[in-house]
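Two complexes come next, and they have one chain in common, subunit A, joined by subunit B in the first and subunit C in the second.
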Partner chain A sequence: MNVVISAVGFGLVTAAILALGAVGFTLQFGVTNVLNLAYTGVLSIAAFVALSLNLAGLNIWWCVLVAGVAGALASLLLNLFVYKPFIRRGTKLFGMVIVSIAVLLILEHGLQAIVGVSFFSFRFDSGGVVRWGALVFTTVQLVTMGLALVAMLLLHIGMRYTRLGKAMRATANDPSLARACGIRTARVVNIAWLASGFLCGVGGVLLFMDTSTFSATTGNEFLIVIIAAAVLGGIGDAYGAVIGALIVGIATEVAAALITPSAKEIVAFAILVLVLIVRPSGLFAKSTSQKQFAK
Partner chain B sequence: MLVPRKLAAIATVAVAVLIVSGCASSSPPQASKSGGTASIAIFHEFSGPNAAYGPEAAAGCYPAVRLINAAGGVLGSKFECLPTDSKGDPADAIPAARKLISSTANLVGVIGGGSDNAPAVVPIFNQAKIPIFSTTGQSVFDTNTAAYFWRLLSPDTAQGYAMAAAAKQLGRTRVATVFGNDVAAQGSAPSAIAGIKKLGLKLVAHQTLALDQPSYRTEVEALIQSNPQVIISEADPQTTATYLSELKGLGTLVPLITDPVSQEPNWITAVSGSIGGDTLARLDTAVVAYAPMSTVAYKAFSGALLASAAQVPKPSQWTSDLYSVADYDSAIVMALAMLEAHSTAPSKYNGFITQVTAAHAGHSVVHTFAEGKKLLSQGKSIQYVGAVGPIQFNRNHNANNAFALETYGSGGQWTPAGLITAAALAAAQ
Partner chain C sequence: MNSAFELYMITLLIYFGVDLMACWGLDLQFGTTGVLNFSFIIFQAAGAYTAGILTLGPSSANGAFQTYIGGASLPFPIPILAAMLVGAGLSVVVGLIGIRKLRSDYEAMVMLVISVIATTVATSQVALVNGPAGLSLIPQPLHGAFGLSDISYGWAYVGFVAILCAGVCFMMVRIGKSPLGRALRAVRDNEDAAAALGRNVSRLRLLVFVIGGTVAALSGAVLVEFIGAWAPSGWLYPETFVLFTAVIVGGRANVLGVAIGALIIPVGLQQAVDYLPISIDPLVISSLEWIITGLITMAFIWFRPQGLFPEKKRRFAKPPARDQLSGTHDAIPGEWSHRASKA
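Let's look at the complex of A and B:
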């Protein structure tokens, strides 16, 4: 039993990091209907911006903030100069997917050409070990979970109780109607990209602190897991993405404990498939497949 | 709009030409005549997650080509290294191999075929009658029948037994094994485990890790509970760094026994970054092919490598990399075999590779290309003993090496710490 409790604890750390990535991914998709597969390319860029400052002496926690800002800017620029022009030209969903894959490859290989093929590590003190019964965490892991929790709470408050949040929800539901009601959907879309990129950047640094080392291509390893968590919860639903991240994060660690470590990915994706069989749009579903792109 | 007939006909012919040339597969290159440039392809990944493999092999090819050309080349031909991105998995590597063969008329040999695509591409090069020297350790090649496949380093199965023997030699009785679930790492896992049991050691934990996960905390916790005295491990840099970082984070780092992968610069960088270079130096013992750095052949390699900075960035990082050393010897062996065969044609010199490497009475031992060329020009027979040591190919074109223990110094060099004797290795099998 202790083994399972430990695994759940470990899974919470993974889930916290995954939640940041999945929520950022699904939030942007929910508002814009653009499947941004270049998401982890932005994650890697933001992480390397943060790394450069960290290696110059900046404290890691300021680097997390820097990465968020870098991710936000990169995301916004990606939309303004790549996705938006294609949408204006009438590019349909499948075409946009191809565009985003192309962008991902450009970002990945471009970054590798700049930073090389080596591995890098953030400099920070991982702190001591904290034990609560069978639960074991390092100080950094506790801070990571705390940051993720704060981010999710702020997002909840923003989406639920602010005019901007209401505007984002309205745009996500029906961009044309939202525009007709006087909502400046273009501004809402830009803010969605900024928010998505911020969460992506923050999540990226926390992820690479967790893995302890990373290269130009490490971020891309997590794209599928991020998408899986988002889809599991219901693509476009931020709360669903959090639940999806919890399920994926905890299930992988428990699978490693009870079955075998190599079953991690199998179990996570098996759960995804089973959920989608029962609820094809995810746990907290609202289908967006027929939506137009928000402009 | 109707397309004019002539334009349609031209387009049809053009498309047909493109289709035919694009489908041209495995057509053997022209036999290389004397003079001109002979190309040795470096067929490895130069992009993607394993993009370090290409530069690693280049660090073997370019020094060899430097020395070959400095000694006047082969039969009037100068040599060049031809980096060719295999892109990793077979779906990409196969068309890349076919394109290499069909588009490179002066292709005389290949250094390449990593563990992720060797079974797919070796048959292609074999069919094209182009020798391919690979450092893959996969056991499928232990019983290789492809005439044009050559392997200078011991297979993974032998590596695994050697790692078990090392644990015994270091006096460890409680052993854990932690291997990545990729084909390269899994090559030595079974024999490592079998060797541990055969030697009467206690296998306290056996873990197969999914690669590049964000966390291995559960696995690490399970390992700590098993209380090992040593961990025998092979996994990629990312996986190993994350795992060891979490082991350190939970306060229980354990001595490691690793394989030649741990001598690759990327592995050292990643793991040092996660647990510290001093800690790595203190804990890690690598079990590698016995290739002393004091030999004439090794010194020739390292000198040529350091002089090749224009083609090999930061060359000093590869001086201890066994795979680079093996690739260097591969190119030298190819060139010497060509001299012996009096031909640079791959289909001709392939049959002379064992002639220049096997130990026979009356064969003069040489350690460099220049030495070998000189003696061959005098009509003598040679045995090339390279930077990896003697190269004795068996009937499956595998060369088995002796094994050594090496420890990592925080100064960045590996230091011999002992040998695995043939008897110790046999006891583990």
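Let's look at the complex of A and C:
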């Protein structure tokens, strides 16, 4: 039983990191209606920018912030110079997915050409160990979970109680109607990309801190897990993404503890396949209808 | 000719033939019917693994350095036929999971995830198909049977692949011209209208999924029987992307176009990059390959999404000659006739 409880503990840490990534992914999709599969390409770039500063001596938590800003900028540039022009040109949904995979490959291999295939690590002090019954956490893991919680809370407050949040929800729901009501959807879309990129960058650094070593391609292995969590909760729904992250995070760690460590990813994917068979749009989805792109 | 050069040409031609069949299969799914099968490469892999397992013999042979399920030493055409059956069966399973009434990019993402699931399962469950190391030392079919030298055997194999390609090409052309082809294009262009006219859309999509999957499995089996090895690193999800690029560049729903695309992208690009000066780091070269492929795809979607050889516009009746439209036209009542004369 203790094994299960400590596995749940690991699962919570994984879920916290996964939640950041999944919410960023699904938030951007909800508002802009673009399936940005190059998400983890941005994640890797932001993480390596942070790494270069970390290796130069910057404290890890400042690096987390830097990664967030880098991710936000990269995402915004991606939208301004790639996605928006293609949408303006009339590219249909499937063309956009091909474009986003092309961008993913370009970013991933461009990064690999620059940094090489070796593995890197962030330099930080993992702090003391905190015990709480059978749960064991390092201080860094606690801070990670705390950061994720704070980010989710801020997002919730922002979306629900600010005018910008309302504008984003309106744009997510029906872009042309939102524009007709006077909302500047172009600006809302840009802000959504910035926010999603920020979450992406922060989540990426926290992830690589948790996995201890990483290379230029580690981020892309993470893409499918992020997609799994986001799809599980219902793509476009940020709260669903959090639930999805919790389910995937805890289930994989418990499976790894109970069955065998190599079963970790299989379990995540088995859950996903089950959801796809039973309810393809996810647990909490609203209808994924043929919405327009938010221009 | 230098025998090393001959061997290079043989291998190149076989890869070209295999990619050709795979691209045609994908074009049937994507170009003609609009099914976004981003897991396409796993069907080629399934065919390759099946043919390999059925040719290698039981896993305890050869000093038991590989582990895999099943294993038999079946004579020549049987492993390939069995591979096609497995490809068809896997297509049914994946098709039933993945083909839903989902928006197109979501469907593409679901297929992508399925592809990664397959790679993960194959890599982590070593007992299945020998994990990351993959299958190797697969004997070539009928190698010693006719007493041919390696080079002659190679050319004979090229001939075999060419015959298969001709068969697949014939099938694709015939489908394109048939009522089935018209139904598939209707499903692609306007699904609701096709359904309203009585076409069973789900069944048609599943059908092309199975046909495409079978052709993919055939291509994989034929490839593995020649090169003798197959590992997960050879069928990661970006490989499907290369095939999609070939179809987009060449021209969807156009048999010749897809053939040209298969020549340019998987064969031409990979080979051209090998001729770059050796002073560039090989890692950078392979990264450059992918970057160029991605850029080419984006460029084509931007400038020429219909591809180099666009789909033929099909006419079903001669358009009426201009002088027939003016004056009385008894099918069109009074106030509409002025519109007919403007047409």
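We adopt the following convention: the second predicted complex is superposed on the first by the 291 of 295 C-alpha atoms of A that agree within 3 Å, B and C clash if a C-alpha of one lies under 4 Å from a C-alpha of the other, contacts with A are read in each partner's own complex, and residues count from 1 in each chain.
Note that in this section a contact is a pair of C-beta atoms (placed from the backbone, for glycine too) under 8 Å apart; a residue touches a chain by one contact, two chains touch by 3 or more.
Worth saying up front: this structure is predicted, and the values here are computed from it rather than measured.
**Student:** Quick one: subunit B and subunit C on subunit A, clash or fit?
**Tutor:** After superposition on subunit A, which the two structures share, subunit B runs into subunit C.
**Student:** Given the touch rule stated above, what does A:A257 touch, subunit B (first), subunit C (second), both, or neither?
**Tutor:** So A:A257 only meets subunit B here.
**Student:** By the touch definition at the top of the document, which applies to A:V130: first (subunit B), second (subunit C), both, or neither?
**Tutor:** In the superposed model, A:V130 contacts neither subunit B nor subunit C.
**Student:** With the two structures laid over each other on chain A, which partner does A:F222 touch: subunit B (first), subunit C (second), both, or neither?
**Tutor:** first
**Student:** Mind working out whether A:L77 is in touch with subunit B, subunit C, both or neither, as first, second, both or neither?
**Tutor:** neither
**Student:** Based on the superposed arrangement, let me know which partner A:M96 touches: subunit B (first), subunit C (second), both, or neither?
**Tutor:** A:M96 contacts subunit C only, not subunit B.
**Student:** In the superposed arrangement, does A:E265 touch subunit B (first), subunit C (second), both or neither?
**Tutor:** Both partners, subunit B and subunit C.
**Student:** Once the structures are superposed on A, label A:L154 by its partner contacts, choosing first (subunit B), second (subunit C), both or neither.
**Tutor:** A:L154 contacts neither subunit B nor subunit C.
**Student:** Scan A:I277 for contacts with subunit B and subunit C and give back first, second, both or neither.
**Tutor:** Only subunit C; A:I277 stays clear of subunit B.
**Student:** Identify the partner contact of A:I106: answer first if only subunit B is touched, second if only subunit C is, both if each is, neither if none is.
**Tutor:** In the superposition, A:I106 contacts subunit C only.
**Student:** Could you list which residues of subunit A make contact with subunit B in one structure and with subunit C in the other?
**Tutor:** 109, 112, 117, 262-263, 265
**Student:** Could you pull out which subunit B residues touch subunit A in their complex?
**Tutor:** Interface residues on the subunit B side: 47-49, 51-52, 55, 181, 207-210, 212-219, 221-222, 237-238, 241-242, 245-246, 249-251, 265-266, 269-271, 273-274.
**Student:** Could you please specify the touching residues of subunit A with respect to subunit C in the complex?
**Tutor:** Against subunit C, the touching part of subunit A is residues 35, 37, 82, 85-86, 89, 91-99, 101-103, 105-106, 108-110, 112-113, 116-117, 224, 227-228, 231, 235, 262-263, 265-266, 269, 272-273, 276-277, 280-281, 288-290.
**Student:** What residues on subunit C touch subunit A, complex-wise?
**Tutor:** Subunit C reaches subunit A through residues 36, 97-98, 100, 102-106, 108-110, 112-114, 116-117, 120-121, 124-125, 238, 241, 244, 248, 283-284, 286-288, 290-291, 293-295, 297-298, 301-302, 305.
**Student:** Would you mind writing out the residues of subunit A in touch with subunit B in their complex?
**Tutor:** 3, 6-7, 10, 13-14, 17-18, 109, 112, 117-121, 126, 129, 136, 138, 207, 210-215, 217-218, 221-222, 252-254, 256-257, 260-265
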